[in-house]
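For reference, the structures are reproduced in the following blocks.
Common to both upcoming complexes is subunit A, partnered first by subunit B, then by subunit C.
For the complex of A and B:
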């Protein structure tokens, strides 16, 4: 039993591979519907969430907190779905949204640019020049987004457990590798790892409830004990009031505290 | 049968996986021991070849670019020649950087299990695990800088490889199984054109070793017995240099025709015109 995240450049057959893996293993697939889920739950229009997860932040946006908030909502929705185990996620930035969770198999599907251009041309019925331009722009956006928000280059192979060049293998070959890895000991979910995922889902949910008003917070959760870390002491009273509301709206919290801190623990969301 | 090229952040993991995969598949294993043969062939010290590969960063930094190019050319020529054999796994001689456009060469990048490597290194060196980990990361970074400097390539970019396997999460046995399974795929079967491509790489490398004895800053490509050499020259030297290149390159077995392209050495021309 495993949680698998598949990252991909556009038109590199990542979706097909993800769906085949899910079918072979009998897992649920999470992708775009996750955004609908987050949109419904947090009352944010879907297009704003799509932009948050797709477009690199512009200069002004880097000083606003909306994108961070939207990512918190998406992360909350994703970790909650992932905590049910046996899932394949192939949306954007799964390897980052699900980082710090043990036992998640992080896969990247890549392809040579000329291969992707050929597929894009066939799919959209456009010229090579147009196809290349679209793909280069898309790649640039994704790299910029990941670098700006997470300080990581999505093309850095160190972020993944397995990187597969799909133009050198068939989709079914990639599916074989992924399923083989997913069934190995390292990626089998244990009670302990499932508990950690549920704790993370809870931490993400609490953050999502608070981040709109309190931008600079970190949240941890261990066995249902949630701690909210804040650097801003001046708004303590307001945060306390909001916390009380969260206690009633979010289920599964055993204990909830606020800590003023200069920094957040490494496992804080 | 295919060639498997194993590149890794650490020598230990490359060796472990290469040897295990060779055992599993019944393949030959070509590793850094080839440096001794190359040293004997060209009458140089084996440790100089090791330095050219960036294995001793302090000495590598002091090595002149021309000398480094020459030593790397010796390594490339010998390794490419040996890769013409079937059923071979190559590791530890940076072949992932100079085996280009050969479709039956499967390139695999291994990411180290940094925790385990740090513990081993700490035990061997009698230092703390933290310090060992820092030392390993430092060495990895320097090796990447070396690859950029020597070949203009970013080793950490996943697009360079057919498969990247993170040994921090995937067990060595699992990695070997994946590699052994992958190599059976159709795209890695040697075809006439891919074998030819490898032979042309090898020919170009041999010509380069011949030319770098006396010349520097050259680029060599080979196709269908025709060798194209690109270099720089002052206007007044062009004819003489072209003749020297043609004569030297023509001495290499397998070369049928030599074409020379000489680009103006603009900076030197400008400097000389002020004298």
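For the complex of A and C:
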């Protein structure tokens, strides 16, 4: 269904705006509880998921498979929620988790640094210097994150459909803009976009089931036909067995194939 | 022992580089060879003349001539003519059939390129498998191994043996004659076939001999029920096109994985294998190939009715007019590296691809993104007429019921004559191998067995450059003394051993090398080495070289040899199957080889 993701520089009223939008449109709000959901379902302690999504990958992390796995779990939980409800997501890295899905309204709420520092000082009761350093560090982390996975700066406006300066507009104005955009032609739910979300949810789910054992796989799903791409031929037999198990656990799969000879297509999860 | 010089180190570095590139396959093997041809003179390890001496070497000329002669024989269809009498001789027993075909292929392979013989016989074997109801997986591996073993029967049977005399020349050793290896080769073929006859039950995958279909062979992981699909006739509802965008054949394929192989254009124009972009109309009949659950799902979702059997298309799709084939992508096919849309496959040939099979995976979804490799199997449906056109195009190997010789049987006599002439020149008059074989090739061209352009086209440049490029590496290894140095180092490590043990060790080494760096590479690298080792150990250097030449054909454990790679798809083999059968055959090979050599040459 419809998905609005609100990305924000930290402490810039993004949460308030998100909740108001959700209330106005009658959508559900997801944020931290998504991680709880993923943690429950895939039996990973929540703090690990938080770390995966919050801390930027270090040099050594590129070789760690855990982050990929955790991302897969979170993505699976998010797309599954999104395929049955209208949602507003304002958690971390929404624009990355929801990459490749059509019809997602990507909003960024941003503000001038001095505005944010002032708010942070008031909230936490700390000095200006401390507040500024906290904010800068946080921004630095997110920038590293997005650059690593997306090759782009989170402050790059091309990643978003709508960028709103919350220090210039009031929160209610921002809510108005977002609701209007959500109801415009481009983001309305169609039969096709619904199918695409469902396919995406299936692909994410299949990947989440497999990623623990098989780190380097890509999954696509078109019309309920799932294809698992892998580069590692040596564990083929094991993968086949696991796939059969997945087929029974995950419903709604019409066809399941493994392609180990081709490269990952661009829309693979 | 000579001290280590810079040149020696450079040569060893070059060898290391070549081996590394062969293993990682960043560039193709022949490109690696060309790289060697260029680097070695630049590093002053060989003179420029020596760098390219490979191109004019006896080995390369002989190979060119052998390829042309093989192509000429192929053109006359004479080889396929052999199948009938051989089958008549063999009778009905599957063991005898396996023996008969294996021996025939081994014989052909003894003077043709192994891969050429293997590709040539593949359609015939598919036919035999269907007719005699023997599972293809029981036939292909023994035949494939026999094609490789047959290359050890004569000196022109496989590239390593052809190379041997050229590699021995720098040492002033007596060259081998054409049939010097024949007793050993025959023993190897016999023992290989015996392995399969006696132990086939244990080492071959059993495979199902499905009655009737004959299309299913062996385990197939991707499809849970070994269910390849059936033909169903359906009717589209009267409101099929209402209130929606046109639905094309490709759309239905992507959504339900059902292939529409025939369709009616209103009012009653029937088409077989319609183009993927064609849109469906309301109230028409279509024939679909797919799994029952997918067809039922499509019918339910799209409001189509599934009929009990083919009604409207009963005549057009009768088995005398059309059917299914499993086509194998040949080693030099123009399909390799391309996808179906890229070669405009369906437009050009008007047949319907149903699925692709590679190694042990079936691809039904996203077929249009698959880039082909040699040995891939494409399941096709079409009219026999169109399939024949596809067959004549070349590049895909398969058999169809109405296989008639479209080739040149009247030239068969000439082809045989020239082959005999070449053999007589070698045996009776002791004329150089390369000259005799080239005479045979020329004769075939002059008597129009094949045109000179066809002759050129049949030559596989990859093999030529591979040979030509690695020969200077061998020269450099010997010239700089690196070969002697390595040989002495190895010997001082292992101490004095009896000649038989030495030869066995060389055999095992060659087998291991050939699995990773191709038989030619292994031969060129090892021959200078082992000759030096043999001289230092007071063993017969010619025998050591012979062991290398033979043992580099001992490539059965992994499907790296071109023949095994080709047969893997159609035979539905997995790497594990090769490990099983290959280990046994490899060990038997080494034992028989050493035994025969000591018997005949008294080592």
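Everything below uses one rule, namely that the second predicted complex is superposed on the first by the 265 of 269 C-alpha atoms of A that agree within 3 Å, B and C clash if a C-alpha of one lies under 4 Å from a C-alpha of the other, contacts with A are read in each partner's own complex, and residues count from 1 in each chain.
The working rule: contacts are C-beta pairs under 8 Å (C-beta built on N, C-alpha and C of every residue); 3 or more make two chains touch, one makes a residue touch a chain.
It should be emphasised that the depicted structure is a prediction, and the values quoted were computed from it without experimental measurement.
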Which term applies to subunit B and subunit C once both are placed on subunit A by superposition, clash or fit?
fit
Which holds for A:227: it touches subunit B only (first), subunit C only (second), both, or neither?
second
With both complexes superposed on chain A, which partner does A:258 reach: first (subunit B), second (subunit C), both or neither?
second
For A:112, using the defined touch cut-off, is the partner it touches subunit B, subunit C, both, or neither? Pick first, second, both or neither.
first
Which chain makes contact with more of the residues of subunit A, subunit B or else subunit C?
B
Would you check which partner chain A:156 touches, where first means subunit B only, second means subunit C only, and both and neither mean what they say?
first
Between subunit B and subunit C, whom does A:180 touch in the aligned arrangement: first, second, both, or neither?
first
In the superposed arrangement, does A:147 touch subunit B (first), subunit C (second), both or neither?
neither
By the touch definition at the top of the document, which applies to A:236: first (subunit B), second (subunit C), both, or neither?
second
May I ask you to decide whether A:24 touches subunit B, subunit C, both, or neither, giving the answer as first, second, both or neither?
neither
After superposition on chain A, the shortest CA separation from subunit B to subunit C (Å)
18
Which subunit A residues contact subunit B in one complex and subunit C in the other?
none
Per the contact definition, I'd like the list of subunit B residues that touch subunit A in the complex.
106, 109, 111, 156-159, 161-166, 168-171, 174, 177-178, 181-182, 185, 187-188
With touch defined as at the start, can you tell me which subunit C residues reach subunit A in the complex?
221-222, 224, 254-257, 294, 297, 358-366, 369-371, 373
With touch defined as at the start, can you tell me which subunit A residues reach subunit C in the complex?
220, 222-223, 225, 227, 236-237, 240, 244, 254-262, 265
How about subunit A: which of its residues touch subunit B in the complex?
105, 108, 110, 112, 155-158, 160-165, 168-170, 173, 176-177, 180-181, 184-187
